[in-house]
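A short worksheet on the structure shown next.
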Amino acid sequence: MNDPIILTLITFIPAVGAIVLMLLPRNDQLIRRAALIISLVAFAFSIFLPVNYESGQSGFQFVVDHPWIGSAIHYHLGADGISMWLVLLTTFLVPLSILISWKSIHDRVKEFFVLLLLLETAMIGVFVSLDMFLFYVFWEATLIPMALLIGMYGHDRRIYAAVKFFLYTMVASVFMLAAIIYIYTQTHSFDYAVIREALTGHSSYAFSPAALQWLFLGFFIAFAVKVPLFPFHTWLPDAHVEAPTAGSVLLAAVLLKMGTYGLLRFNVGFFPEQARRNAPWIIVLALIGIVYGALVALVQPNLKKLIAYSSVSHLGFVVLGIFTFTQIGTDGAVYQMLNHGISTGALFMLAGMIYERKHTYELNAYGGLATPMPVYATFFLVAVLSSVGLPLLNGFVGEFLVLSGTAQSGLPHSIWYTVLGTTGVIWAAGYLLWMYQRVFYGPLRYEENKHLPDIGGREQISLWPLMAMALIMGVASPLWMKSIHPAVEQAVKPVQQVHSAQATSQQ
Amino acid sequence: MVPLSWYLILSAILFCLGVSAFILKRNIITIFMSIELMLNAVNLSFVAFANYWHNLDGQVFVFFVMVVAAAEAAVGLAIIIAVFRTRETLNVDRVNLLKL
Amino acid sequence: MNPISIVDYIRILPELVLTIFGIGVMLIDPFLPGKASRKGLGVFSLIGTLAAVAAGFYQASYLAANASFGADGWFGMVRVDSFSIFFHILVPAISAICILVSLEYLDQQNIRTGEYYGLILFGTVGMMLMSSAIELVLIFIALEISSISTYILAGYRQRTAASTESAIKYFLLGSFATAFFLYGVAMMFGATGSTNISEIAKKLSEGNLGSLSYVAVALMLIGLGFKVASAPFHIWTPDVYEGAPAPIVALMSTGPKAAAFAVLLRVLFSTAAPGWFWLVWISAAVSMTLGNFGALLQNNVKRMLAYSSIAHAGYLLVAFAAADFAASREAGLSAAIFYTAAYAFMNIGAFAVVSHLAGSGERFTSIDDYAGLSRRSPLLAFTLTIFMLSLIGIPLTGGFYAKYYVFSAALSSNLVWLSIIGLVNSAVAAYYYLRLIIVMYMREQTVETEPVKVTPAMGLALVLAAIATIYLGVAPNNIVEYSKQGAQNLLPPPTQHAASHAAQGQ
Amino acid sequence: MFHQILFIIFGAICIAGAINLLIQRHPINSALSLVVVMGSLALIYMLLGAEFVAAVQVIVYAGAIMVLFVFTIMLLNAGVEERTRGSRIALLLGGTGVVLLIGMIAAVIFTNDKLVGGVKIGNLIPYEKIDNTHTIAGLLFQKYLLPFEITSVLILIAIMGAVVLAARRR
Amino acid sequence: MTDNINLNLWIIPLLPLAGAAINGLFGRHLPKAVIKLVALTFTGASFAYAVWAAVQGSHIKLPHIETLSFDWIVAGSFHVPFGFYLDQLSTVMMLIVTGVGFLIHVYSVGYMEHEGGYYRFFAYLNLFMFFMLTLVLSNNYLLMFVGWEGVGLASYLLIGFFFLKDSAANAGKKAFIVNRIGDFAFLIGMFLIVKNYGSLNFTEVFNSISNSPLEVGWGLLTVVALLLMFGATGKSAQVPLYVWLPDAMEGPTPVSALIHAATMVTAGIYMIARSHIIFDKAPHALEVVAVIGAVTALFAATMGLAQTDIKRVLAYSTVSQLGYMFLACGVAAYSAAIFHLMTHAFFKALLFLGAGSVIHAIGGEQDMRRMGGLRKLIPVTFWVVTIATFTIAGFPPLSGFFSKDEILWQAFSSPHGGSAILWIVGFITAGLTSFYMFRLWFMTFFGELRLGKADAGEESHAAHAPAQAQHAAASASHGHGEDGHGHGGVHESPWIMLAPLVILALLSVGGGWIGIPESMGGSSSIGHYLAPAVASAAETPQPADLEASEHSKELMFAGFSVGVAALGFFLAWLLYYKRPELPDRITARIHGIYNVVYHKYYVDEGYGALFVKPLLALSTHVLWRGVDQTIIDGTVNGAGSASKGIGSELRRMQSGNIRSYAAWVAIGGAAVVAYMIWRGVGK
């Protein structure tokens, strides 16, 4: 038993904590505190990862591997530069989500925090699983707590939204399950590395190109829905609008990343050739997502819907970056995943704060809030700017690298992809600033808003870490990049090789 | 000498008449009788095959079928009585409370 | 010379135990006052079922000690191998949970007859025999024992129209199907001259199959297809389940069904029956589709679960189809065996909740009656959620692993389309199972229902079923292993059969 | 030849009885038609050398079971069948199904000459002629002992069922 | 001449940032005095440090490059450091930014005295300084882009400083978005640079490019150059992206002076000058730059003719002057551009501050039609504005004369696309500039004060009125606006405001003397100073014999310029002093054209109708309601209801009738048997 236990700890502390919560008496305050402590403990443990991570190394670290069911299914965890940061993002955001739900959740408090912690375990599990079966287990396991969070604590149309969220994802993941099982039946393994070896063609397993294409699509559809990529995105606005704040935060910040993470880890990792071949239309979808999401966000009358559509747009960048298969673009995509988690997480938290006060997300109900709530307005502005991609804040680094990578990718018409993608920066400024203006600037539109209390200490405490991260990540990206880089290199290298092979064969 | 197929055809005809009766009759008791008819048809096949194979297992089988048929009859008629008590009718077309 | 050795009695030990307890019930019942609750009897029969489970385990250990135990006994009537022992443990366990659920139910419905438990016990005898019988005569009789006892139990609330209607429908259609099965047996006898599975297998594998044997298989498929509620012979299921008493539905949707699948496995695989592949394929596809789409619109939970059971029969048949290929025969068979167990626990758990909530006269079986259940009884809501998730096929539940196992077998033999149909179906199915979860957790109570108080017995039943469901999802190793052994036992000794099938597949 | 004539006669009676069962609208008439079928079958069993089965057929089936039927008909005072429309699907599908079934089974039986068509049966095998019942008894109490004993459970169930369902409750 | 000396250039931008951080984070709880102190100290220190660095810079070899020990972005071989770059160009820019910036800070202390959000204002202003200094000091395009975007942000915040006014908020947003459109091109330009040169560091990129041959057609370099130029048109308010600048006047006047006149808007010029190596290799791009500059100069000047808002006149004037600088860049006369940039920074800042002083004095009124006769009332302001006006009009020996003249001369004579047409356009613009500036001068300071009088012009341009009324209402109701000082009577501004004016006036007068061309006996020292940084590599030294004739020609052209400036002065005098009723008659005569000009050629409206409205309509009706809700969700929900439909159809099997169930079994059974027979026979 020399396996490092750290990943297991991080993954299951929240779940164990959830069980503890279940056993605690129904004392709301006690439960809140306990939940916060548990999540902080998980976060504290996760700090261990980057501290002890050997960033020069590619490949997975902190690996645990035990047989679980039969000989094929293993309890196999590991983290590389990509997943480690996503784990950290998760553990980082959950305590904040708990803080943000401190007061807004007052009914069925226990269930809420239990679900939240279970969700955390599942999300972390998704990122650290190196066994496809285990991955799928965690993948699906995120579904239930999230759907329940939306459905139990959401707003008016919560049930519709929860069902839509659940079914959309469920239907899509079924295809991934089929693909996973099919691969298993051919390779008799669920192990990431083994499958990768088998699929990338250095072994005796014979997968026909057609089979590979179908498998690729099977994975792709599951992840594309999760991302969500146009045209599979319509569950997102509904889910966000109805979800409670913490749900929205985690949904946007982490759950969507599962999709992009999957695309990178599996679609690109397993199927370099197919990824290459399918890249043009996927990129087109991503670009449509960027522009489309932004344009639709522009005209949303509802704050959360607007942020939701902005996520569609932002995640388009991530997908774009991944499918450029350039080191720089994919680096940027990974970074952008983290950024989006921070900035959109902050936006949703801020939206939740105003909702607590006014119980509406309609932009029309606001206007001129900068006067009664200056501190809030300032935080909001920073979040908006981070989302807009202002240099020195986090969003810019990712977007720049992604677009730069797009320009460099050897794909045909890559320059036009770049141009279209870059329009995203204009749109983002448009819809976010317009939203900001409608909420905060101008004369106070409603007299009763005059006495809205500004945000208090707890709320500030939950926002400061995000603000700080937005700035640090905007200024000191190499801290992250040095571990992301080797991992990405490993992911995209086969694709680049495929590409160069094709190039040479064409000559 | 009677060819085996004659017995089998007779059996098949009886079986299918039983099926038809099941489908066409309205009275529950009659429907139940048509099941008995089907079982009889099966028995005929068994006996014929037993003869054909010179194997008495077929006849033993028939014996067991009869036992089962008797048990079924007892239970079936009890159920029919219970139905009649709750519905006051023996017409199957009126026993359609549960549907869709 | 006594040709019947003591080992032969061990071969039917669980059945014997149950029969003795059943007779005990019959003997005690008359001495109880007419109006008295039959809870004591229930506990007595519960002990019986547990004893039967223990006997099953004893058989397992006995088999592990002496391999010869797995040979045919009772003049080639029964064979107690891993396959049968699997069901010898599963079926009484199901009955035990069913009895636990019934303890309270009978009082609630004001049923004061001990025959109820007797029928369950005797029915269980039939179901267990179905799995160990290797002679069509015994299979037939066992089948009838289990069927007839469930016919009666279905009509047990004989003063309600729904219950009697359920019974008569079940009875008439069941007998109708039995006649087909029997006709098939006759044809098989005609084609092979024997009613013993091994003999038949030998004859069939010798080749020179007349089309009579095909007709025989077809007719038996009709009969057994009816028993397992697979399309197009599923049609009785919703009506019967809706009308029958809820604990009985719990039983008959699991126990007899598992047993019937066991028989189907014996009949199709131990005999190496020919030609059925596409039938099963189509039946699987149609069952899944009809079941799931039919369930979409149901507002009655029992009826919804009935449709769901049709769908699950479909999933199970996928494993059958997969097992037709040499490459995935063992996987397919063990998947099928595993599935029966997984399905049994999640479904019986679900019906346990349904029966608990139904209240006296089973008035509250509509989905709306479940609104706000999470507030009224978190335990019920939570366990029902587990069962629903398992029925959907969410990981870490038995339902998921079973489904995964089935589809992995199917994909190993390249049954891609069937798998896709199945997986898409399971996604569709998520909708109606989810509806129940939604109603419990996300809606507020609107209908005034009876207060729910979970009695210890009910709690135990729920927890057991839930634990079993989770266990099968989290650590299915042992069960999978056992089902694999069962699968190997099921197959006839290797002959040229494999070759002939390999040629036949797709 | 004699056998054939007898078979044709009793076969025809069987079919006629079955058809009569179908077309009679009063259950009692149907029941009587069924008795006729069973009786003729018993004779056909005799033709096949199955005396034991023939006897049991008369005693159990025609005797016990049919009496039970008639008794129930009387008990419930069942009258002439109503002409309800019922289900048209039943007629349509069922009719087709039945026609198909009979046609196909017949086709199999006739086309399967290899197996059955050519074999003429009816010549009773000597040892069976001598002690058919005896042999059956032997089978029943040795090879078929377990099923035989298990049948008792079945019958017990049937009794319980009848008691539970038909008895008027206290 | 040591090279390894470390100037710690990062301190220069970081000082204002520290000020911004202190004021921004804690300013709410600090007394005003501390806020002022912090703001002034940090900018002042920055200025002082910049001067020191400039002095040091003269001792070391330029360009001097410093990189901080940690990178900003690393992705594989692609590095972006936090690196600073000091050469002659950035020295000049740095000094302008810190110097003018400091002065304006000082001015603001007085100007903003009575406004709410004092700390906010200074935090923003300091933040702006930080970004602007980052912009001019960075050693790579990306860090430059940081400043580029950052000044945009600061501009957004400062324009929208009076956010209670919708117009201010709108203007801020418009500025940011229009700038973003330019940035979009800038970004793509950078992507192309990274793609082709693998780096964004000036040294590396320029080294690679200077080795490549002159591009004859429309190749990569031209494209890159055009993209960069398009980026510059956004920041420097050139056609077609100038539209944000006039609206930006919603911001407090010091902001207009600092950001929208002296510094930020010149970032585009700086960027082109900085990238001159690229432009030099792409003559087509240069041509485009020149044309855009010329067009903007003229176009904006005409719009300036008809404006009545004092700040808007100055805004158009700024656009027009920036056009000059663009024009200079377009003929590869970068040092001329930077020279004009510098003088413009002085006199335009002065003009704005002066205008601010005027506005301050008369209680927030900005409409020139209501001013007049202020000469006596606010004499100091009058005099400094007078200096500035004469400077911008180009009268010698004021600084504007030298710098503008240099541009005009280069436009004509530059070997890189100089032409008579460009000169004529510039020449006409000079006339127009003179005219509208003196119009402003006369209207403001001469005649009689018309404050509070509704004049005829007001009604004839009623279209404008509601907007203004709205401003007034918005400001009045919240006591937060610029005119909320609440002390009656016209009064001179306090000395803390006047002192910077005076200093700027001195600079306006004398600032040009460092660039007196050789033809006028000067040494053109700024040109020589900047030469190492911006001299075009392709620039061929002019033959000595040609120089003499060139000099005389240059003098002649200078004469023309002065002449046309004088003509402008005369016309303005005639129309707005001598016969003030004439303008109305003339406008009535040419009502159509006047209206067009008055409404700024309807460009804003055109953009609105062409882009904004269709885009919003498209997004709402086609994309959101159409694609999202109808098509995609419709499909999804349709699939759902279709499933239910199928379900309800399938349920009809379940008729509840036993006989029909049996029939199903029978038909199913028949099918099964049929299939098996077929199998059996086929066997």
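Letters A, B, C, D and E mark the chains in the order given here, with residues in each chain numbered from 1 onward.
Methods note: contacts are C-beta pairs under 8 Å (C-beta built on N, C-alpha and C of every residue); 3 or more make two chains touch, one makes a residue touch a chain.
All of these numbers come straight from a predicted model, not from anything done at the bench.
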item	value
Where chain C and chain E overlap in contact partners, by chain label	A, B, D
Touching both chain C and chain D (chains)	B, E
Of A-C and D-E, pair with higher C-beta contact tally	A-C
Label of the chain whose CA centroid is most distant from the centroid of chain D	E
Core chain by centroid distance, with centroids computed from Cα atoms only	A
Averaged-CA centre spacing for the pair chain C and chain B, given as whole angstrom	26
Separation of mean Cα positions, chain E and chain B [Å, integer]	96
Interchain centroid distance [CA atoms averaged], chain A/chain D, Å	70
Centre-to-centre distance between chain D and chain B (centres being mean Cα positions), rounded to whole Å	6
Set of chain E residues in contact with two or more other chains	640, 651, 654-659, 662-664, 666-669, 673, 677, 680-681
Residues of chain A engaged with two or more neighbouring chains	167
Multi-chain contact sites of chain B, meaning residues that touch two or more partners	8, 15, 18-19, 22-24, 26, 31-32, 48, 50, 52, 57, 60, 64, 68, 71-72, 75, 78-80, 82, 92-93, 95-100
Pairwise chain contacts under the document criterion	A-C, A-E, B-C, B-D, B-E, C-D, C-E, D-E
Complex contact set, residues of chain E against chain A	28, 70-76, 78, 142, 145-146, 148-150, 153, 156, 160, 163-166, 168-170, 172-173, 176-177, 180-181, 183-184, 187-188, 190-192, 194-195, 474, 477-478, 615-616, 618-620, 623-624, 627-629, 632-633, 636, 640
Contact set on chain B toward chain C in their complex	8, 11, 15, 18-19, 22, 28, 31-32, 35, 38-39, 41-42, 45-46, 48-50, 52-53, 55, 57-58, 60-61, 64-65, 68, 71-72, 75-76, 78-80, 82-83, 85-87, 92, 95-100
Touch list for chain D against partner chain C, complex	104-105, 108-109, 111-112, 114-116, 142-147, 150-151, 153-154, 156-158, 160-161, 163-165, 169-170
Of all residues in chain C, those that touch chain B in their complex	136-137, 140-141, 144, 148, 151-152, 155, 158-162, 164-169, 171-172, 175-176, 179, 182-183, 185-187, 189-190, 193-195, 238-240, 242-243
Residues of chain A defined as touching chain C within the complex	69-70, 108, 111, 133, 136-141, 143-144, 147-148, 151-152, 158-159, 162-163, 166-167, 170-171, 174-175, 177-178, 181-182, 184-185
